[in-house]
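By letter and in written order, the chains are A, B, C and D; residue numbering begins at 1 in each of them.
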């Protein structure tokens, strides 16, 4: 399929989705800066392995990437630590809400996987140990998408002011000695990474290494090895969408990572990366129309890993 | 890769695995007929989309397929019921052992997915409602592999004599009205399906429709639709290997379904199906060397959905 | 306080409770024979340590004693087994609904205490091992209240027909080898004991040994030792009223055991035993007005262990 | 029994316990100041309703009262708030370790009772809202025992430095809006109350209102009402000893509250209060020999609420 064709596919999807905007789902409301984002927006963008791009709808409107940032921090941590990363973080789907403490207690402070909040906080802890975590994350993401990305300071402050559940998770892991660094420092990084603002075009580009054997979309230098790239994709498929990973695999069939800002990044291994965004969420915390758009994309293109 | 090459790959894997036989893992011991299976066996067989076959090691030795049967019963139930199947069975990974009651209580008698024991018992219940469940299962599997397969009566009896956990699961679902039929009838089917004996070659052939758009490996008639086929593959990847689905996706990257008899069936979508068997299990109930063999296969052929 | 005074107290309570009948709560509806019991009934009866009796309201109307029977089976089992009983049954409050499987899984098939369903089924199993369980239970209760008590066959049959949750509990314990006897035999005893019919006067008399150092209310022979009697009282206080034991201790302050038939038996150690009955239950499965009546009794007489 | 007799009883118990010191159990080791307390110590003291006192062993050696402080903070909070206290705190035994997060998640941030850590933190929060929490607690306890008691600053600092589990509990409740005040302020009070140092004689005296209808042991003024006093006793019996409340009720039969410093305070309603102390703990976190001493006391005096 050519880039031209992809443009038609994305426009078709945009046309089909727009009449549905604002009908169902709820915008994340736990912090004011997210709650006031208008629900009636939808964007979609893709970038093929060889660099062709297509976009439709509100693909240039920036939004809070939230948990989508976990893909980039995991990438950094895997690059630094390789298999040692798994000493204190698991790789199994959780079968529980993304911010649950139950499983963390059963498994004595070892998070089930790097994409639930506890796991991402543990990843942030490793990045703090490893270097200048916040700067390293911003540098990686900016380099990948070819533009300086920013942390939304208001969102980061709101996350910190209301992030008691995340503070509970971090303190709980600390009580099991699962964090190296102090809780406040680690949470500061975690809240910052969640508050990065990007648009669909930027995300599709930044994730491109996931469909190109780990190679940087612009420089072609390895971001991570091919083997680790496939492993990140597998984690996205089994654990990337909270407690709806089975549903995503079943209906969409692609590795995805979602965020409560309404974005979802998807990978067609060896072929392309894709980002959709629409702020209203379903009960599992995933973008309702973003998910529908991905299902249409998989249906129309026949692209599925299964 | 040609069939000839596949033969070399399987022989290589067999050569690498045999020295490891009997060193690690435990043969399932909960029933005598399984406990007395010698641990020092290993077989591997594959069948490509277009019908070429290769096999190595103990690929012709029959074994108890156990939970691998859940793929065939799910196929039958999806064929009959389509999306209605999901009214009383979920599609999410469980994050708990395969025979856990905890999650079943939290979700008020609705099993998380069709591959945990509770889910497979619920699928068996639907097959009882739908027809002559035991005969229907044997007819499907026999037709698929082109030879009459049998239920091992001794194993079935032992399963019934010791299957208190499964009886607990079935009664528990019945208490939530999640089963149509009486508990004894449903368990009889479930214990029978688990007691089917097949060898690696037969399993690789019987599963072949999963890599050929749902088409029967011998008649080419649709067993299930292409769409449902891809959905079965997605369920295998996210839920097919007990509480090690993340580990399988990470290390092997293929849809798999394992059984405590030591077998694992794997699918390379659109390309081939593969069955490995070695009786000694790891702590998650999956064949330890079977899993290692699949990892070698994925590594050597580069075949992975990611 | 004299018996005459007690009569006044019970009449006062009856007068206060009757206007409230039928206003709140729900009669147990899981079996028809319980569901059709008219809600607008209330009875209360007591028997002092030295044998004076008082009763008011529907104290002579028989009802299904249900879980109140667990006091008598526990007494029999403690008498036979002494401290050995605790090898497979715990003594701690459960913090979970009376028929929960979760805790039973966490504690590997060992029920938390003899008053949750799993624990009472385990007690019934010991009585089967020990003798002729059903006959032994009826003989004890009949002897204690001085009249032949009967099992309601219709209720027992309904319990068996719908008791899937109890069958799940029994099979689950059997899977952990926590039951000696086969599941069907044990459940038959359990369903029979729950189906005994008695009235308030009979229950107050039958429980009398609990306020008289374990001595039989009519023969004065020891039913169990004084020490075991005090231990039964302690178990009633901490575990006797499902997940409302704290609430009972707080508001009433007496050892109590309730049943879903609407009865509650209470002990004032060294002084008297008391039975109240009113069929409508609160959300915890305890008689709503029975509990209120006990609270009034404790308030008016100042009788509380605290 | 006269005071003289009580002295004999306590001396007997002391004689029986001393040879057992240092043989079993483990001193709490989570903070250095507790870990270095020599295990081979045992004290016991009591005070009757009318003010007679007896003591034996190391009854004058001060120790860290830890969770025993929860009785005094609960008393203060009940006095201020009456039944309103129960709006955000339950009254049921927990069936889980004292610092578990699981139940807190299931019950959406409402602690099961005021004696598990989460509940005591919630009580501390109410005291912060109500006044000058730390000063109020010290004033109450000092007044009750007739001597100024102190917070051990080293212990309080250690609690703060290592109290990640408590910080997790507090943040978790804050995420459910179950705390009024900020987490740091509330934890500061909680860590301070746990760090109060007292000896057995002081504790027996300070708790005396619990056996005298809520009246102050020295001034006779009401500390709390008689009704609330009985309710505090009931909470101690059902919830006062972590996950061993059933065991305490069964073996000792008295309302008790223990602390990981090795102290246990017990109440014989209307008769006396008692404090035992020995630093080595059993697996449930209760003083192993303290519990044994209380069992001997109940056995020798026949004092039991059952």
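Note that in this section contacts are C-beta pairs under 8 Å (C-beta built on N, C-alpha and C of every residue); 3 or more make two chains touch, one makes a residue touch a chain.
Every value quoted in this text rests on a predicted model; they were computed, and no experiment measured them.
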| item | value |
| --- | --- |
| Those chains which touch chain D and also touch chain A | none |
| Label of the chain whose CA centroid is most distant from the centroid of chain A | C |
| Distance between the centres, which are taken as Cα means, of chain C and chain A, whole angstrom | 55 |
| Distance from chain C to chain B - Cα centre to Cα centre, in angstrom | 47 |
| Chain A and chain B, separation of their C-alpha mean positions in angstrom | 32 |
| Sequence positions of chain A contacting 2 or more other chains | none |
| Category of the chain touch graph - line, ring, star, complete, other | ring |
| Pairs of chains satisfying the touch condition | A-B, A-D, B-C, C-D |
| In the complex with chain D, residue positions of chain C that touch it | 90-96, 103, 112-113, 230-231, 233-235, 237-239, 243-247, 249-250, 253, 255, 269, 304-306 |
| Touching residues (chain side chain A, partner chain D) in the complex | 100-102, 104-106, 164-165, 167-172, 174-175, 183 |
